[in-house]
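Residue numbering begins at 1 within each chain, and the chains themselves are lettered A, B, C and D in the order written.
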Amino acid sequence: MAEFLLCAAVFVVATVAVGLLRLLRGPANTDRMMAAQLLGTGGIAALLLLAAATGEPAPVDVAMALALLAAFSSVAFVKSASR
Amino acid sequence: MTDALALAFDFGLAALVLIVATWTLLTRETAAAAVGFVAYGLLLTLVWMRLAAPDVALTEAAIGSGVTGTLLLGAAARLRPTEAAAEAEQPGKAMRFVVALLCASVSAGIAGTILMLPDPAPTLAAEAAAALPETGLGNAVTAVLLSFRSIDTLLETVVLLLALLGVWSLAPDRVWGGRPGPRDGAYQSEVLTFLAQILAPFGIVVAMHFFWIGADAPGGKFQAAAILAAMWILVQRAGLVDSPPVSRRWLRLVVVAGPVVFLAIGFLGSATAGAFLAYPEGYAKPLIIAIEAALLPSLAVALALLVAGPPARTE
Amino acid sequence: MNGAALFGVTAAALVGLGLYGLIVHPQPLRKILAFNVLGSGVFLIFGVVARRGAGAGMGGDPVPQALVITGIVVAFSATALAVALLLRLFEETGRASLRSDVSNANDEAGGNS
Amino acid sequence: MTLALDVLTVVAVSSGAFFFLAGTVGFLRFPDSLSRLHALTKADNLGLGLIMLGLLPRAGGVGSALKLIAVWLLAQVAGAAVTQLLARAARTAGPPA
C-alpha cells in the first residue's frame, strides 16, 4: 500500500510539473501565477500522500503551511498587478 | 523498486528546479521572474523534504517563497517603468559568454568538491542526539538553534533588527515615524475581505501550532513568526487594518522585546551557570520556551515591517 | 549516484546560475533575485552535507540544518534592505540603475555593469 | 473491513490523481485564461479532495484525520477565493492573447 501511495505522489508531482509549462509560456502573468498555484496544490497532495505512506506526521504540517502561503502569494500577486 | 522510484523522482525534481531557476533568471519581464521565484521556492520546499529536513522545508515555504516572493512581486510592480531603460544596459554577447564560462567553472568546481566529500561524512548528529536530553527538547534542530548554537540565533535576531532600522532610516524626513506603504482601502473587494477574514484566524492557529510543536517536532518560532507576519500583511492588503506608524512605542517595544529577553537570559547564564547563554541545570526547557515566546512577536512584527518597507505617509 | 549527490550537483549549478544573473543583469531588482537563487544554492549545499551526515536516528545532521534556517532569515533581511534601498533610489531619481552616468550608457555598451 | 477501506483508498486516490491529470491537461490546452482557471479548479477541488478522502481511513487517529480535513478545507476556501481574485486580474489585464 505504501508503494501505491508513493507512486500516486510521484504521479501528481509529475503531472503538475508538466503544468509548469504555463509558467514558462504564459502568456499573461496571471497564467504564470495559476501554474504556481497548481504546483502548490500538487505539492500539498504529494506531501499528504508521503505522510500516509511513511507514517510520519511532519509532511502534513508542511502541507498546511503551503496551503496558507500559496493563498498569501496569490493575494500579493493580485494586489501588485492591480497597482 | 521504491529506491529506483525515489531516485527517478529526485532526478525529475532536480531538473525542474534547474529549469525554473534558469527561466526565472533569463526571462525578460521582472514581474514574471518574481512569479517564477515563488514557484521556485515551492519546488525547493519539496527538495528540502527529500533531504530529510522538514524544519528547513517549512522555513523555505514560509520565508523563502512566501514572504520574499511577496516583497519581490511588490517591488517589480513599482519598478515596472524603469525596465525598458535598464534593458539597454545589458552587457554585450562576448561579455556574457565569458561570464557564463566563468560561472560554469565555479559550478563545476563546487560540484566536484561535493562529489569528493569524505565518506563516511563527518557529522555532529550523534553528539546532538547525546546532548538532546539535557535540553529537555525533542527536536534536535530547535536544540541547535536555542541551546548548542544559541549565539547564532541571538545575532540573527539582532541582524533582523538592524535591517529593520536600515529600512526605516530610508524614509524621507517629512514622513519620518509614519505608516509604511500605501493605504489599502477597506472593502475594495468582498472576495479579498472574505479570504482575509477566514484565512487570518486559521493562520494564527496554525502558527501557534508550529510554535508549540517546535520543541519536539518540525516547526518553531521562525516558521510561526513568518506565518503570523504573512497573515498580518494579508489583512493589511485586504484593507481590514492599516499599517501602524513606526513611531508607536508599543511597536518598538515588541520589536526589541525578543532580543532583549534573549540577552537577559544569556547574562543570567553568565551569573548562574558560568557561561554566557548557558542554562542552569534543569531549567533549560523553561528558559528556552521563555526565549521563544519573547522572540515570536518580535520576529513576526519585524518580518512584516521589513516587507512593508520604510514609512511613506504620516496619516 | 544517490539523492544527496544529485541535489549536491543541482546546488552547484544553482550557485553558478545565480552568479551569472548577478553579474549580467543590468536591473538591480534582478540582481537581488539572482542573489537569492545563489543563496538558495549555498543553502542546498549545507542541506546535502547535513543529509550525508544522517545518523543517530536522525535523517540529517541537525547542525547544518539549523544554520540554513538562520541563513534563510538573514538572506531575507538583506533582501528586504536591498529592495528598500532600490525603491528609495527610484523615488529619488526616477531611475533604478546602478550607473552613475546613464547618459553615457551608449558609449560604454558592452562594458561591465 | 480493512480490505474495503484499502479499496476505498486506492479508488479515491487514483481518481484524485486522475483529476490532477485532467486539470493539468485542460490548464495547458484551453485557449484563454478564464477557461484555464476553470480547469485548474478541478485539480484544486476534486483532485485534492478525493486524495484526502482516500487517505482518511489511513490517518491512524481522530486527530490526524481532523488535521487532514483542516488542510483540505483550508485549500478549498483559499483556492475558491484566490480563483476569483485571479479571474478578476485576468479580466482586467485585457483580452487574452
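Assume a residue touches a chain if its C-beta (ideal position, glycine included) is under 8 Å from a C-beta of that chain, and two chains touch if they have at least 3 such contacts.
Because the structure is a prediction, the values reported are computed rather than measured.
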| item | value |
| --- | --- |
| Most widely separated chain from subunit A, with each centre as the mean of CA atoms | C |
| Pair with more cross-chain C-beta pairs in contact, given A-B and B-C | B-C |
| Centre-to-centre distance between subunit D and subunit C (centres being mean Cα positions), rounded to whole Å | 33 |
| Subunit A and subunit B: spacing of chain centres that average the CA atoms, whole Å | 19 |
| Subunit A and subunit C: spacing of chain centres that average the CA atoms, whole Å | 23 |
| Whole-Å separation of chain centres (CA-atom averages), subunit B against subunit C | 14 |
| Residue numbers of subunit D (touch at least two other chains) | 74, 78, 81-82, 85, 88 |
| For subunit C, residues that touch 2 or more chains besides their own | none |
| For subunit A, residues contacting two or more additional chains | 29, 33, 35, 57, 64, 68, 70-71, 75, 77-78, 81 |
| Chains that touch, pairwise | A-B, A-D, B-C, B-D |
| In the complex, subunit B residues that touch subunit A | 1-2, 5-6, 8-9, 12-13, 16, 19-20, 23, 29, 31-32, 35-36, 38-39, 42-43, 45-46, 49, 54, 57-58, 61-62, 65-66, 69-70, 73-74, 76-78, 182, 184, 192, 195, 199, 202-203, 206, 209-210, 213, 217-219, 223, 227, 230-231, 233-234, 237-238 |
| Subunit B-touching residues of subunit C, taken from the complex the two chains share | 1-21, 23-27, 29-30, 32-34, 36-37, 40, 43-45, 47-63, 65-70, 72-81, 83-88, 90-91, 94-97, 99, 102, 105-106, 109-113 |
| Interface residues, subunit D side, partner subunit B - complex | 74, 77-78, 81-82, 84-85, 88 |
| Of subunit B, residues touching subunit D in the complex | 189, 191-192, 194-195, 198-199, 202 |
| Residues of subunit A defined as touching subunit B within the complex | 3, 6-7, 10, 13-14, 17, 20, 23-24, 26, 29, 32-33, 35-36, 39-40, 43, 46-47, 50, 57-59, 61-62, 64-66, 68-73, 75-81, 83 |
